[in-house]
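The data blocks that follow each hold one structure.
Next come two complexes built around subunit A: one with subunit B, the other with subunit C.
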Partner chain A sequence: MIDVSGLKFRYPGSDADVVKGIDFSVSRGEIFGFLGPSGAGKSTTQKILIKILSGYGGSIKVEGNELSSLDSGYFEKIGVAFEFPNLYSKFTAVENLNFFSSLYSAKCTDPQKLLEMLGLEKDGGTFVSAYSKGMKMRLNFLRAIMHNPEILFLDEPTSGLDPANARKMKDIIKMKKGEGKTIFLTTHDMHTAEELCDRVAFIVDGSISLIDSPRNLKIKKGKKAVKVEYVEENILKSDSFPLDDINENKRFQDILKTGSVETIHTMESTLEDIFIETTGRRLL
Partner chain B sequence: MKKLMKFTVADLRNIVRDPMQTMTAVAPLIIIVVIRIFLSVAREQVIQFFDYDIISDYPMIISFFSLLIPMMVGLVIGFIILDERDESMINYYAVTPLTKKGYLVFRMTVPIVFTFLVSVVFYLSLYDIYAVDLLKLLIVSSLLALQAPVFSFLMASFASNKVEGLAIGKLLGMMIVPPIANYFLVSNWSLLFFIVPQTWVSAIITGKNIGFLNLPMIVSLSLFIHVAIIIFCIKTFMKKVDGS
Partner chain C sequence: MRAISLLKHDIIFQFRHRFYYAYFFILAVYYSIITNVSGVAKDFLTIFILFSDTTVLGFFFVGGLILLERDQNTLQSIFVTPVKVGEYLFSKTVSLTVLSYIASVFIALVAYGFPDQFLLFSAGAILSSTFFIFTGIAIAVRSKTVNKYFFNAIVFTMIFFVPIVDFVGIFKSRLFVVFPTYATVTLFSVLIRELTFFEKTASLISLLLWNCGMFFVAKKWFYRFEILKNGKN
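Our next item is the complex of A and B:
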């Protein structure tokens, strides 16, 4: 769906590239996560992909066509939710959705049905100026999907949401993937990336240092062991055991037999651990 | 056309929900009422106290008031653009089928069309006081219409908020000084006033310092000045948007 090779970008007046020759591809129906700290070049890359920035080096092909040659028809196929919601504050939620839907030639989803998807159905007539940040984020996301786009660009979509609404939004994103939509997710929230993304790319200082699925990364980079917490003589203790010969590990078997086990966890790394290990930077 | 209508309805919604913008938007219509009252009262008073009949100055006075129409319309749209700039709406339009270019076209079209219509109504409503001929009416209304986006984009470029926007609006109001000066000064230096678009409107109505040009030259030169200033204003605005 999207093939990027040797992508470079330099802001006018700057003497250094912000994006330094990156390569990646995103398949149809894939959720691709772009992870990196602030200033890493992930927002710049997204801005290039949604044609806000032009004059890039290298190649970006969308369904086989060079991005720079695509006309405004491209915008009928993409949906964008920016990190900071940009909505008309003097309009109600329904008025916002109705107005923006008039910009598309495709038939858009009924605003009321959209609002119901993220629990805003009772607030459709409320002015956006009276919305909380979380409500604006939800409306911002709904606007991005209202015209049923083929590619979704989501920048920190769950930022500022309470857990219940973040859950609903993640379910919608998964549903969109199920419908065959391609989703490009920019985030520094590794939990969201870990849960949603089929593959993630780590970007630091304009370069991609690694691309793989979160599961593969966790297995490859993690420690193949289990950590057991158990109570012995009224004291909480913990021990770890390698997975390779765990069925023959006498000490592990003994602990299981005592029935004093409190927790057992595999010791795979978190995405954040892997990010720090790979790039030497934190996801801030 | 459908999109233009949607934009116009959205603009009206924005305007009626903000008292300051509502007041500014209805100002051109108030001007029509005020000028009728002003001219009848002022004429009598000036005759009584100065023994001078201002009837010969009616074209200058009327053209002066007409210059306020694009200013008011331009400021109202300027307030909307200011809000849109602050909310990063322009970046959002850039990723819709409308595109950033389409947004700019709409933002120019709405004040141009509205100012043209109000200007025609303005001159026709004063027809019994000052009978402007049809060709002049069309030229002057077109030039006035082109002045509205100048105010919109200049205000949206240089103001950080609505209070600053109002202050800049007042500053831009100084653009009506050159046409008045041109009316009273008879000097070759007065040609310098024609760099300011407003001077053309006033001069076409009053005929001051413009008699040596024929109509096609007047139309070409005035259009050139107006379009050049609009291009400057849009470029200034885009720099501000792209840099923010």
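Our next item is the complex of A and C:
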């Protein structure tokens, strides 16, 4: 769906590239996570992909066509939810959705049905200026999906959301993937990336250091062991055991037999650990 | 269809941000001034109001609109839809030109009744308004803050207002004909005197040329400094 090779970008007036020759591809129906700290080049890459930055080096092909040669019809096929809500504050939620839907030639989803998807159905007639940040983020997301785009660009979609609404939004993103939509997710939230993405790319200082699925990364980079927390003589203790011979590990078997086990976990790395190990940088 | 949607949205946007209320109040003030003077003073005041206010209102309003939309971050969301820069500028220009034209006709009606050469007067009012709107767009996209916009706007209006010294007879020069506003004053003078064929033709051609040039600059700068700059932020 999207093939990027040797992508470079430099802002006018700057003497250094912000994006330094990156390569990646995103398949149809895939959720591709672009992970990196602030200033890594992930938002710049997204802005190039949504055509609000021009003059890139290298090649970007969308369905086989070079991005720079695509006309405004490209915008019929993409939906973009920016990190910060950008809505008309003196218009109601329904008015905002109706206005944006009138800009597309495709038939858009009914605003009321959209609002119901994220629990905003009772607030459709409220001016956006009276919305909380979380409500604006939900509306922002609904605006991005209302015309049923083939490619979704989501920048920190769950930022500022309470857990219940973050859950609903993640379910909608998964549903969109199920419908065959391609999703480009920019985030520094490893938990969201781990849960949603089929593959993730780590980007730091304008270069991609790694691309793989979260599961593969966790298995490859993780420690093959289990950590057991148990109570012995009224004291909480913990121990770890290698997975390779765990069925023959006498100490592990003994602890299980005591019936005093409180928790037991495999010790695979988190995406955040792997990011730090691979890039030497934290996700801030 | 998209252009109509944008236009409808712009009118509601301007209404909700109280642009119209503010201007109706100003018009009421002008009404009370014009209806209380007569003779040469009325001629001067009418042309001056038409030239310096009703025609120029789009210049200040369009800057306010762009700065408000920039503040609400809505420009980004508009330009990831199929909307083209030309459609966006068309909507702003038409909505503000209609307001400016209605205000100009109102002032003319209050001062002199229905103008004899209504079409010529209308052409002057509309072409002058669109020129100032394009100029306002070009200046707004180069101004990072409201204060900078108003500073730049005042500098530009002072330059474009130079031909007024010819109208009031302080200083006359043939060089003034290069100003688009010279054509504006000339065409508004149709309210108080007959214009020669040359004056009519030259004024219309001058305003048309200035409109074409300024539209080109506004469109180019809007894309370069507003859309691409948004990308950087």
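Here is the rule we go by: the second predicted complex is superposed on the first by the 284 of 284 C-alpha atoms of A that agree within 3 Å, B and C clash if a C-alpha of one lies under 4 Å from a C-alpha of the other, contacts with A are read in each partner's own complex, and residues count from 1 in each chain.
Note that in this section a contact is a pair of C-beta atoms (placed from the backbone, for glycine too) under 8 Å apart; a residue touches a chain by one contact, two chains touch by 3 or more.
The structure displayed is predicted, hence computed values, not measured ones.
When both complexes are superposed on subunit A, subunit B and subunit C end up clashing with one another. By the touch criterion defined above, A:N234 reaches neither subunit B nor subunit C. By the touch criterion defined above, A:K90 reaches both subunit B and subunit C. In the superposition on chain A, contact is made by A:F99 with both subunit B and subunit C. By the touch criterion defined above, A:S54 reaches subunit C but does not reach subunit B.
More subunit A residues lie in contact with C than with the other chain of the pair subunit B and subunit C. In the superposed model, A:S38 lies in contact with neither subunit B nor subunit C.
Of the two partner chains placed around the shared chain by superposition, subunit B and subunit C are both touched by A:F75. Contacts of subunit A with subunit B, set against its contacts with subunit C after fitting on chain A, overlap at residues 50-52, 72-73, 75-76, 78, 80, 82, 84, 86-91, 95, 99-100, 102-105.
On subunit B, the positions that touch subunit A within their shared complex are 2-3, 6, 10, 13-14, 17-18, 83, 87-89, 91-99, 102.
Residue ranges on subunit A touching subunit B, taken from their complex, read 50-52, 72-73, 75-76, 78, 80, 82, 84, 86-91, 95, 99-100, 102-105.
Every residue of subunit C that touches subunit A in the complex is listed here, in rising order: 1-2, 5-6, 9, 12-13, 16-17, 72-84, 227-228, 230-232.
By the touch criterion given at the top, residues 11, 44, 47, 50-54, 72-73, 75-76, 78, 80, 82, 84-91, 95, 99-100, 102-105, 143 of subunit A touch subunit C in their complex.
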